[in-house]
Amino acid sequence: MGDARQTIAKRAAREVKNGMIVNLGIGIPSLVPDFLDVSLDVFFMAENGILGMGPTPSTNVDGNLSNAAGYPVSILPGGSYFDSATAFGMIRRGCIDLSILGALQVSEQGDLANWIVPGKRVPGVGGAMELAYGAKNLIALMSHCEKDGRPKIVKECTLPITTYHCVKKIITEMAVFIIHNDGLILDEIMPGLSLADIKNHTEIDFTISPHLKTTA
Amino acid sequence: MNLFNKVTDYETIKSNFFDGMTLLFGGFGGVGTPPGLIDCLIETGVKDVKLVGNDAGFPWIGIGKFICLERTVSLVASHIGSNPIAGDLMNQGKLKVEFSPQGILMERIRAGGVGLDGFLTQIGKGTKLAYDKPLIKIGDTEYLYEAPITGDVSIVYAKKADTFGNLTFDKTARNTNPFVAMASKVTIVEAEEIVPMGELNPEEIIVAGIYVKYIVPSKGYNWKWIWEMPDKQLRNEPPAK
Amino acid sequence: MGDARQTIAKRAAREVKNGMIVNLGIGIPSLVPDFLDVSLDVFFMAENGILGMGPTPSTNVDGNLSNAAGYPVSILPGGSYFDSATAFGMIRRGCIDLSILGALQVSEQGDLANWIVPGKRVPGVGGAMELAYGAKNLIALMSHCEKDGRPKIVKECTLPITTYHCVKKIITEMAVFIIHNDGLILDEIMPGLSLADIKNHTEIDFTISPHLKTTA
Amino acid sequence: MNLFNKVTDYETIKSNFFDGMTLLFGGFGGVGTPPGLIDCLIETGVKDVKLVGNDAGFPWIGIGKFICLERTVSLVASHIGSNPIAGDLMNQGKLKVEFSPQGILMERIRAGGVGLDGFLTQIGKGTKLAYDKPLIKIGDTEYLYEAPITGDVSIVYAKKADTFGNLTFDKTARNTNPFVAMASKVTIVEAEEIVPMGELNPEEIIVAGIYVKYIVPSKGYNWKWIWEMPDKQLRNEPPAK
């Protein structure tokens, strides 16, 4: 999965456009900055209360200057600090152009499940519900299937829902899907894979974009 | 204005903690959680505490240190993923956890702090996190009712406090502290620096001293951050004493 | 009424105790600081967003440093600025020890009417409802009667209500009344007046405090 | 970050004002109301405007200058006492005024600005100001439902703005501006001083630039304050031109 995570993050980085305000979730999304075009003017915000996050500092690391996962960051010129309630005000209000979240399951209607695996993993919902509600665009990143091969792109989520009808795009290590009112559309295939590969590893039906391409 | 001097010491504030109290704590993943007040809380031996805060910290960081002692009956938080011991206690039935969307939890604390009687939102509607929250119909739309949260005691970490309790914060250690500071009967502030009244620029004060009852001086963080830990394996366990 | 206003404000000033957080309404309450014991440590707050207001400056008057009525003030050491929503958070939360408001009518149950005289005067409610709701203690200042002699201390307010059951004490140029669950209690009589004077000018019944005194 | 440069001029922003728009204005008794943007608004000739703000200003101060032109259809405010012309227009049926308790109005604007769907309060219950606001019963208590307010355009007065729109304010001219700045589709800021990104201390920024669309430079207040007027008689009339 190491390579797969990199593949997903690299493709997701291309969704980040000049001038955007972006929120990255924990897990695979946190790898996205490694693949960003450095010429882009982008402001990353985090739920704890910072807009304009810069890279992890190499010296003078400060425990009181961190991202939402608690890891050290820096602040860019024009950045600001605020309280967490204000941070979520920005999120609910629609000030976030792009939210990139990790997912456990996504349904063909764009339902997102990413907060709990009952009886097993209990991370808790964090800010995912607000991001799913408020962000102008929500992209879910996840491995295409579970380790045992069970699908994660599903007709109906079997895990508890974070938010209904919120995911606009799914990026996996195999493909990029767009979620449309009419269902799932395959938009890109990762290099080296065929349409048959995608079909073999995707349980539910999907349509194929007339612009289907191989991920660059 | 000597009357407005709220500076005291850790021994003196201990009597504010009591069994069964609702305790609101500032901080986000331990950042901005007052380390000296956590140790003070632990020393008092209080039990059956009802906690409200963003998360469960880490087992050796922030509120996590207290949660691991099994003297907490309930926790309202947005996640407990960074504290596996909290998860174990929950699964064993020893800790009741109410998960709240993070921003909604912040607003519930704010509503308590500013004297509003709750608010409506569609966030969480139809999910398990709606629990038994009332559904309120306005026009054609149903909203979840989110109740305000107030506490008996709030513990807060500030960068600077003047003796009246006017507070400034340090970078992302501000996080949940400003509204946690407003939402309890008794607010206790641990400040990195305590200055006379008049030293803080009135434009830069984030929380007015009106909300603060006691101020104690901080000795700084007394835990290692997760990114300072040498071995990833160690990250889920407290560091060696 | 010039003298009466001074008499009322002077008596009201004695309600301000050391260490209090105080909000003063417009009209007669704004005269209270003129009669304050200068040795008191008191913080005045205003709804526009200031705690720790000091006196009107004699030089360097700043239009951007004003009380809720728009008149210039100064700020004391330990004072702070904040937005108006935060100001009202303090008020609703019960952080104000004493609110002194002008009134048009007060009922024997402590109902306050002070925001509108329909068809005549339409100032609007301002922050009075929140102050009446949140302040730990609310004192109403007003002339004892209308200019035409009609009572302002009434059984039921005939003017639209600001807030029900909120006034704890009424100070007029004739007397001080305490509002108790059982009704109105006459607590003080202003110098030079008799109990008969008060009775002659007060339409509704009141009981007389066992500690009835002449205002010092 | 040139992309984040939002500085423009008064002529350019005029196209944002339109007939029938809902306009939120910052300020409290005219203090903190952007004088240049009020004049700009007047110059556009827009009409049928729906105004929301703390008060009606004075006839020659703040939003009062615009209200006197009879191009406003409705006003949501906490009082209009300082602008007798607004009162006359109301009594003549030319201006619909909805009075709101001051702090409740601030919270309604905040709710709009932070994406909440309204809140509950007991303030105003049973009074004429309850209008036809829904009564919501939670437990045994009934509360008024207060709806969020958002606008098409917000006009705001700031002390300093950087080119991204990060804002600081000046003393009590902050008042309603921070939440007014968050609550409209288009927020226009008049700033006393415009500085490059990075010049403002990130701890001191009160409103993040994320909410701001345009910034114009201020020429300062162009009205006399009521306490500057020589004659009390004059205070209810505009000063001589």
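All chains are identified by letter, namely A, B, C and D, in their written order; residue positions are counted from 1 within each chain.
By our rule, contacts are C-beta pairs under 8 Å (C-beta built on N, C-alpha and C of every residue); 3 or more make two chains touch, one makes a residue touch a chain.
Since the model is a prediction, treat every value here as computed from it, not as a measurement.
With contact taken as defined at the outset, chain A and chain B are each touched by D. Of the two interfaces, C-D and B-C, the higher number of touching C-beta pairs belongs to C-D. Note on chain placement: the centre of chain A and the centre of chain C lie 56 Å apart, centres being C-alpha means. Centroids built from CA atoms put chain C at 37 Å from chain B. Chain geometry summary: the mean Cα position of chain C and that of chain D are 28 Å apart. Looking at chain A, one finds that residues 75, 81-82, 85, 88-89, 91-92 touch two or more other chains. In chain B, the positions touching at least two other chains are 107, 114, 116, 122, 169, 171, 202-203.
Looking at which chains touch one another, you get A-B, A-D, B-C, B-D, C-D. By the touch criterion given at the top, residues 46-50, 61-72, 75, 81-85, 87-89, 91-92, 115-116, 119, 122-130, 133, 160-164 of chain A touch chain B in their complex. Note for the complex: chain B touches chain D at residues 107, 111, 114, 116-122, 134, 136, 138, 141, 143, 145, 147, 168-169, 171, 202-204.
Chain contact summary for the complex, chain B toward chain C: residues 1-4, 113-116, 162-164, 166, 182, 196-198, 200, 202-203, 205, 208-211. Residue ranges of chain A in contact with chain D, taken from their complex: 18-19, 21, 41, 43, 45, 51-52, 75, 77-82, 85-86, 88-95, 134.
Listing the residues of chain D that touch chain C in their complex gives 28-32, 54-55, 77-82, 87, 90-91, 97, 99-104, 106-107, 109-110, 122-124, 126-129, 169-179, 206, 221, 225-227.
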